[in-house]
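In what follows, subunit A forms one complex with subunit B and a second complex with subunit C.
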Partner chain A sequence: MSTLAMSTLAMSPLATTAFDGMLAVLIAWTAWQSVTSREVFRAVMLFVVFGLLLALAWLRLGAPDVALAEAAVGAGLTGVLFLESLGHLRRNKTVEPPETVAQSRLRRWAVGLPVVVAGGLLAMVALRLEPRVPGIAGLVVRHQGETGVSNPVTAVLLDFRSTDTLLEVVVLLLAVIATYGLVPHGPAHHGPRVRPPATPRPPRQPVLVWFVRRLAPLALLVGVYLWWVGSSAPGGAFQAAAVVAAVFALLRVSGMEAAPPPNARPMRLLMVAGSVAFVSQGLAMLAAGRVFLDLPETVAYGLIVSLEGVLAASLAACLIALVAGAPRPPRQSGERP
Partner chain B sequence: MMFILLGAVLFALGLYGAFARRNVVLKLVAVNIASSGVFLVVVSVAPPLPDGGTDPLPQALVLTGIVISVAVTAFGLALARRLGADEGRATLDDEEETS
Partner chain C sequence: MSLAPLLIPWAAALALALPLLAGAACFVVGGRAAATLALGVAVLSSAAGIVLTAGVEADGVQRLALAGWAPPLGIVWRIDGLAALAVALTGLIFAAVLVHAEKSLDLLRGEGLSEAFRPLALVLLGGLNALYMANDVFNLYVTLELVTLAAVGMVALAGDPAAALRYLLVGVLGALAYMLGCGLLYAAFGTLDLDLLAGRVEPGGTASAALALMIVGVMAKGALFPLHGWLPPAHGSAVAPASALLSGVVAKGGFYVLLRLWLDVYPATGAAPAAAQILGVLGTLAVLWGSLQAIRQTRLKVLLAYSTVAQLGYLMVSLPLIASAAGHASGLAGALHLMASHACAKAAMFLTAGSLIATRGHDRLADLKGAAHDHPMTAFTLGLAGMTLMGLPPSGGFIAKWLLLDASLRSGQWWWAAVILGGSLLAGVYVFLAVSWSMSRPPGEPSDAQPPPLPRRLEFAALALALVAMALGFVSAEHIP
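Up next is the complex of A and B:
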């Protein structure tokens, strides 16, 4: 990892600082434009640009793992999620209602002032933090050999702090369940109709379809590669899952439905598989007389790589389900309460 | 140093949007920007490793955070969708102005 950070182009310190400065200004500007926009579509587009620029900033910070996740998840999938929700909003709800001068002035001061104070306090505290050398990073470096993987970020995620990762997998699963639980159902639901079936079916554009057809298998390959390489280089289950889910999102918006419907049984089983595999690995360690999720040195590598494989598939299924959105309520169904 | 400041600026901007915007989808975009700011601060305050690398621990935390953000955003959007379906509005105001 550090070799990768080192191998960035040798630039003079002045040039690097100038680049970082420009990048920071651009990022702050897109964020500002996005936050002050009253139009949802514009705000979302700016947010996607913001995410891509932020991915560059992560590279500059020597965090390629985060950069990958930011580009694929932060900019890509979150952007698709937002765009998808635009289809659900009624047309007149995608722009904020206008307000009076007095209202906007009040808002500017009543919200702006405390927020500037909060940001200033955060900057002050963060800049004055006394770094504790060697810190925990030293522990990671020292014990990394016991995990069998040479990417320290993967070692932290899947071994040293695997409880966090387990809970993260569970949170994603919960999000899918909660999202589906919120679908208004049946005749009990009344109220203004939202625009009918939200599955975006844009007219088939031959160039887009041609391009996506060729891109999809390559991108899937990239996903598999990211999973495999995660043990020794930037990458891993999450980045792989994000790329795979992005492929399906791309197929979806270009009018080719490739994934089975999220409530099909295989998809549901796949979504649960990640949490189940993770927990059973932990329980297996307990049964072997170790601490929950504490991997023995001899088999750690195999366990991490295989668990990451299951996680990648399972997380991808969850993300696809989130992007695909909940099933539409049956229209005029014959159900009786 | 620069990225710590940027993180604080993004945090403030996102916070502003979360409170000042009335459309719930715009609020969620702003919350995402604020959390990106926090992620930047978390990674940039860690001192560099002896070999010049970046501390892997905050990186792993931020990776987890990014995935959680997606989950939160998706859930928030589902709530927004339900709000739209039940009440036909996209804001949390007590009384929706005529639209």
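Up next is the complex of A and C:
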């Protein structure tokens, strides 16, 4: 849809080139500014802008699915995670003293020079690159009918190369497991229910609250839409989950957080549901005399849409848990060793 | 009729699925049931590896088209002798480590740590099994990411957060380099499958740049010299059972991918044998630097971590041998033997370190005096596993080094033989240091006081692994590849 919008703008070739050139320069500039900024908050903001510009570049390259993922996960969610970490660092006053100008300049060159040299070499290789053998795009189109979905990206992610997607879903769950492991505590049923991290609530700002109240249900609807539309157009479980998690982050920022207790068993069950459903579906096919992770043509559509639904909910739970951070230990047992 | 067509798909799928499902379960519930489940799944995973090994033995290399799609559209798992044995051995090491961890972690840091350890270990096991069977450069990337993230989580569990963060950052940089290489390969040759790539890759700038990026990436992830800096603090500070998994098994992950690329894609790029020689020289530096640093250490776990840097160096030294025609067979067999026996031996040594820490509360070498008097079995295990590190007969390490020496002499590259022998002498020094401290008597009168208690299962878990490392010396290396 977005590519369509772009092409119907009917820009002249000159205007297109000028736009692309500007985009390329802006991307490089925001990246450089973000890396070299001596103020962390500014760096994070520039990183978010960088991500959005990058999403625009993906759109120009005709990859709206990647653009959506980049905007939702790369810019949005990563930005939120950075801001949360920054807030946490400031509250705990563990921000290291800023390095001197000379140190920072030295570091800039020490990192920048190799990056520029490596980037130049890469650019040389990339510019002289001529595909000897075409990629799999033609094959995807030819076999897409057997997957039941009409979005080729979804066909690749949930059928042709579903093993990769399964492992990526597990990576997200693993991120939560590793984060929770940072705090010594037992699993859900041990001890009293864990309090959510005590963050001093920011004062409620009436305009923000009014706005977020109206935005949140709409954004939630967008999340559901992205899941549903994924089978035929850009969208899918990861993007839907990112939008739902963003709703949570918004509520959190505006002080209306209804945080699910991160250590509660239902929350943990939801977080593992995606990986468990994916693996179980794969095994069920094996038990039915087919191949691990196979999707029979007749039921492929239903299986993909339902699995994506479970994945969207489960991934959203994982992302929300990551935004909320590790639960605090049940007992105030002093410092970590 | 052969059973392979029936059993192999199940064994392979369960080697991934069971650890993942069990890991998810252990994230939700804990306690004794979870501990039993984790141990059972590790044993089953090892059993799946044995089934795969038998299948490969009977019917040769197996290819499983996952989701029913053949490459280049889909992904296959390739199960050869190397992958099958890796699955079997990894499950075994995990089982021993889990037996140890259930007791030692709670002794170390109080209740709760073993609960957090379990899901991480199980997801790590599933990731490793998927890594061994992967035959697609992007699938390798995803599995390597899964393994790295689980490993970082293990370091962060109770180790030094700074070391964990550095490990994560180096891992991300390595992943980026590897990913760029994947992109170049796909753009030029239209596939990610290793077998197809082996047929399609043509010599040229693109292939060389791609391979160079990917090799740098896996070197960073696998702590291969000079990108090893993150390993000693990470493995030295993690809780001992985590270090056993990291140094024993995970550290080989980077080299495993390097070997896969080396055997399949590298020959087609026509890159000069100079690349092999460069990696061999880096390996030599790793052996020297790692061993000398190990000798200087005052803590057992850090000593063992530096020893891992050195032992990974031998694996790099095996590359120029594998690249030569005359030394290919014995060089490869030697590298595989070294991976297998070092995995068991190093895991056993870290477990003994964990046992000592569990009773004494520290692993300072100078204060380990009297450890052998109090816990003879643990000290015996340390020495037994150390024999493999030194390469003394009849250990698995001896066979490995013998094969590597044979390869270097056959291919006329005697200088690598000198590295292997010199490195073994240095290994002798640091193993002797570790063992001698524990053997020496504590100052003062020998007392009849009761030694600090050490649960039996901790000692047995470590001894079992040391015995496996020894037994590998009796396994013929002929049919491993």
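A few points about this structure:
Throughout what follows, the second predicted complex is superposed on the first by the 277 of 337 C-alpha atoms of A that agree within 3 Å, B and C clash if a C-alpha of one lies under 4 Å from a C-alpha of the other, contacts with A are read in each partner's own complex, and residues count from 1 in each chain.
Here, contacts are C-beta pairs under 8 Å (C-beta built on N, C-alpha and C of every residue); 3 or more make two chains touch, one makes a residue touch a chain.
In this text, all values refer to a predicted model and were calculated from it rather than measured experimentally.
Once the two complexes are overlaid on the shared chain, A:291 sits against subunit C while remaining clear of subunit B.
In the superposed model, A:86 lies in contact with subunit B only, and not with subunit C. When the two complexes are overlaid on their common chain A, residue A:163 makes contact with subunit C while staying clear of subunit B.
Look at A:221: by the touch rule set out above, it reaches neither subunit B nor subunit C. Once the two complexes are overlaid on the shared chain, A:282 sits against subunit C while remaining clear of subunit B. In the superposed pair of complexes, A:113 makes contact with neither subunit B nor subunit C. Of the two partner chains, neither subunit B nor subunit C is touched by A:299. Of the two partner chains placed by the overlay, subunit B and subunit C both lie in contact with A:131. When the shared chain is aligned, no partner comes close enough to touch A:15: not subunit B, not subunit C. With the contact threshold set out at the top, residues 122, 126, 129, 131-136, 140, 161, 164, 168, 171, 174-175, 178, 182, 184, 189 of subunit A are in contact with subunit B in one structure and with subunit C in the other.
The touching residues of subunit A, counted against subunit B in their complex, run 1-2, 5-6, 17, 20-21, 24, 27-28, 31-32, 34-38, 40, 43-44, 47, 50-51, 54, 57-58, 60-63, 65-66, 69-70, 73-74, 77-78, 81-82, 84-86, 88-90, 92-97, 107-108, 111-112, 115-116, 118-120, 122-123, 126-127, 129, 131-137, 140-141, 152-153, 155-157, 161, 164-165, 168, 171-172, 174-176, 178-179, 182-184, 189, 191-192, 194, 236, 238, 315, 319, 322, 326. Contact residues of subunit B toward subunit A in the complex are 1-17, 19-23, 25-26, 28-30, 32-33, 36, 39-41, 43-57, 59-64, 66-75, 77-82, 84-91, 97, 99.
Residues of subunit C touching subunit A in their complex: 9-10, 12-14, 16-17, 20-21, 23-31, 34, 64-69, 72-75, 109-113, 115-117, 119-120, 123, 126-127, 130, 138-139, 142-143, 145-146, 149-150, 152-153, 156-158, 161, 180, 184, 186-191, 200, 202, 205-206, 209. Against subunit C, the residues of subunit A that register as touching in their complex are 121-122, 125-126, 128-136, 139-140, 143, 159-164, 167-168, 170-171, 173-175, 177-178, 180-182, 184-190, 265, 268-269, 271-272, 275-276, 279-280, 282-283, 286, 290-295, 337.
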